[in-house]
Amino acid sequence: MSVIALKPGYTGEMKDRVENFHGKQLLYIGWEDHLMYCAPMCIPIEGSTPFGALIQSVIPSLYPAHPDTAKIDWNTVEWFRSGERFTPDPQQTLIANGLGHKANLRFRTPGLTGLKGSCS
Amino acid sequence: MSAVIKEKDRVFVAFQTNDDTRSIVEAIEADNAEAIVSRYPAMVKIEVPGRLVIRRETIEDLIGRAYDLRELHINLISISGNIEESDDELVLHWNQH
Amino acid sequence: MNMPITPQKPAKKLSLKDNYNLLTRGLGWETSYQDMDKVFAQDKFEGIKIHDWDKWEDPFRLTMDAYWKYQGEKEKKLYAIVDAFQQNNGQFNVTDARYINTLKLFLTGVSPLEYQAHRGFAMVGRNFRGTSARIAAQMQAIDELRHAQTQAHTISHYNKFFSGLHDPTHMFDRVWYLSVPKSYFEDAMSAGPFEFITAISFSFEYVLTNLLFMPFMSGAAYNGDMATVTFGFSAQSDESRHMTLGLEVVKFILEQDPDNVPIVQKWLDKWFWRGYRLLTLVSMMMDYMLPKKVMSWAEAWEMYFEQNGGALFNDLARYGIRMPKYHEVASKEKHRLSHEAWATFYNFSHAAAFHTWVPEESEMKWLAEKYPTTFDSLYRPRFEHWREQQQKGERFSNGTLPMLCQVCQVPMFFTEPDDPTKICFRETTYRDEKFHFCSDGCKDIFGNEPEKYVQAWLPVHQIYQGNCFRPGTDPTAPGFEPLAEVLQYYGFHVGEDGGEYLGSLDARNWTQWTGKPAVAE
């Protein structure tokens, strides 16, 4: 049963449909081993944004105060889409990279493990 | 079979610390040989393995007047265990004991 | 000649039991010109089967006459103390002004729940067809209203001196972290009456409420806050009756029909997890917000859940009830919950209506003692870094909104049960849309009733949809600052209510009015 309700066949309104975000979609971004920024970020972004823009401007702007941000070597970064390793194509859009509305993107920066190696 | 005797699960009652409850706590200690009394800021908590009894007569002997066990409500903070209440006593217990 | 006097013996007082039976039984009736199922339309759809409502018994056997008498005494006691507190400027006797932030969290996050509970029990009282159950629900509805009122009244005195206490109900309906308690309660209120009473009376009040009130009130006493101790304990004296009711309710439902057992177990699983997630706020209050600490969150969890809760579930085993699902996850999380939560509020302090701060060195020592396996290795580096940054004039904050769990609505900061360095991610797809969760517990809850949770009002998503601006706001206007506008919509006094404690208006006023340092030594 999809809900216990007084009325049979009751359905709920899908509150966060992509149409509600004014031409944008949501993207969640998390940096592994860096929990000083306490939780993954949620940002509204055009699905047509090339993945390369995430690397060049979007992601660094989310973590301005972390001492490791400037040390990231983007060539060695490992990417995860919904927890699965994948290799994004920086020329392609987010959508073409399989990152649609409410996609979960995580990245790991080998060698960087946060403040004093504490994963902070 | 294991020979380890497991301590019975404890029931507890907690009261505000004040003049009204001083005699209640004394009565509980008198009626429950295994009572463990812990004092926290503003609060006193009494734990007993398995079963705890609060007896009206014991309280009355200590305060020198008639006592209705429902007066306990005024200063009660928390309890655990199944409750049996009569005019004469209030019992907290876990059923396996 | 005088007539001999034969003294008339007064009629024997009724026993507690007879009195209870007379004042609760036979007060309802079988309706004749309307079907009973139409009059009580909501007590069957959840699948709970009740055969004999007269088996319902309040173990305290409290009747309305005694109820008014004892509640009246409690009120007189409370207001006498509140008067004395105000007349003696008791607000300046607390440890330091950091303590006031626990009151801000309480007034905005807990007191509105008291009012919600009032409404919820009024609804339950209407929907049950057994009269003694309805009387118990009626008393509790009145109790909960009393709690909401006494809390607002008592804390209003602090509102004359400190920030962040001015608009609790306005904030409750809007602010991001307050959607956690709000959605918790609305989840219960939008369920049927049996689920509501199981959720609130049993899972919350019986199983978890000791973790809310006992540390809050002992903490208040320890930190010199006489007013809060008083309203807290006054409420708690009702609470112990509610707890008893919660246990009786569950036993009553379980004894009525074996088909009820799996339904109740499912609710216990759900509402344990919902309640536990809500208590995250209490964990950080205990470990970080009380200047003088009573006990650690981990100790409280061990005492009130693992021991007392364990005893309770041992007792319920005879009905075929087991411990709630994922209780072992909660035990694994007990050494990190408060640290992760406080660090999160430190991240978003600029968007909260209370202050945050880095713990003092003496407090970090206490934390390291209480959490020897986690604090120094995982959390101390974070706090020390933040303190250095602050001393350089670069107080850390997180400028981006966080990802939230679809069910508990808490930011996704919880870590994997077996790895405190990895965020715990769970996701599912329903009706072609992705949904994300902080835990297996929250994911299961969604999976059981997805049509309910697709409707969640998630504050971060609502902000991005443009629904958290004041009426008439033009988000396309040049120079529009969305975050600043959201804080206005929340009703915050920006620059006073939230942000860093050191140097805040509260801290400065404290020193000016009391001559004491902003952080007690």
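Letters are used for the chains, namely A, B and C, taken in the order the chains are written, and counting of residues starts over at 1 for each.
Methods note: a residue touches a chain if its C-beta (ideal position, glycine included) is under 8 Å from a C-beta of that chain, and two chains touch if they have at least 3 such contacts.
As the structure is a computational prediction, the values presented were derived from the model and not from experiment.
Participant: Between the chains shown, work out who touches whom and classify the graph as line, ring, star, complete or other.
Facilitator: Here the contact pattern is a line, an open path with two ends.
Participant: Applying the document's contact definition, name the chain pair with more C-beta pairs in contact, A-C or B-C.
Facilitator: When the contacts at A-C and B-C are counted, A-C has more.
Participant: When the centre of a chain is set as the mean of its C-alpha atoms, what distance in Å lies between chain A and chain B?
Facilitator: Taking the average C-alpha coordinate of chain A and of chain B, the gap between them is 55 Å.
Participant: How many angstrom lie between the centres of chain A and chain C, each centre taken as the mean Cα position?
Facilitator: Here the centre of chain C sits 31 Å away from the centre of chain A.
Participant: Roughly how far is chain B from chain C, going centre to centre by Cα mean, in whole Å?
Facilitator: The computed centroid separation for chain B versus chain C comes out at 27 Å.
Participant: For the complex, which residues does chain B have touching chain C?
Facilitator: 9-12, 14, 16, 40-43, 70-71, 73-87, 94-96
Participant: Of all residues in chain C, which touch chain A in the complex?
Facilitator: 41-42, 45-47, 191-192, 195, 340, 343-344, 347, 377-382, 385, 389, 394, 396, 398-404, 411-413, 415, 421-423, 425, 427, 431, 433-436, 449-458, 460-461, 464-466
Participant: Spell out the residues on chain A that touch chain C in their complex, using ranges where they run on.
Facilitator: Residues 1-6, 10-17, 20-22, 24, 26, 28, 30, 32-33, 35-44, 62, 64-65, 67, 82-83, 100-104, 106, 114-116, 118-120.
Participant: Contact residues on chain C for chain B in the complex?
Facilitator: Chain C residues touching chain B: 15-17, 59-62, 66, 70, 73-74, 77, 209-210, 213-214, 217-219, 221-222, 229, 233, 236-237, 239-241, 243-244, 247, 294, 307-308, 310-312, 314-315, 318.
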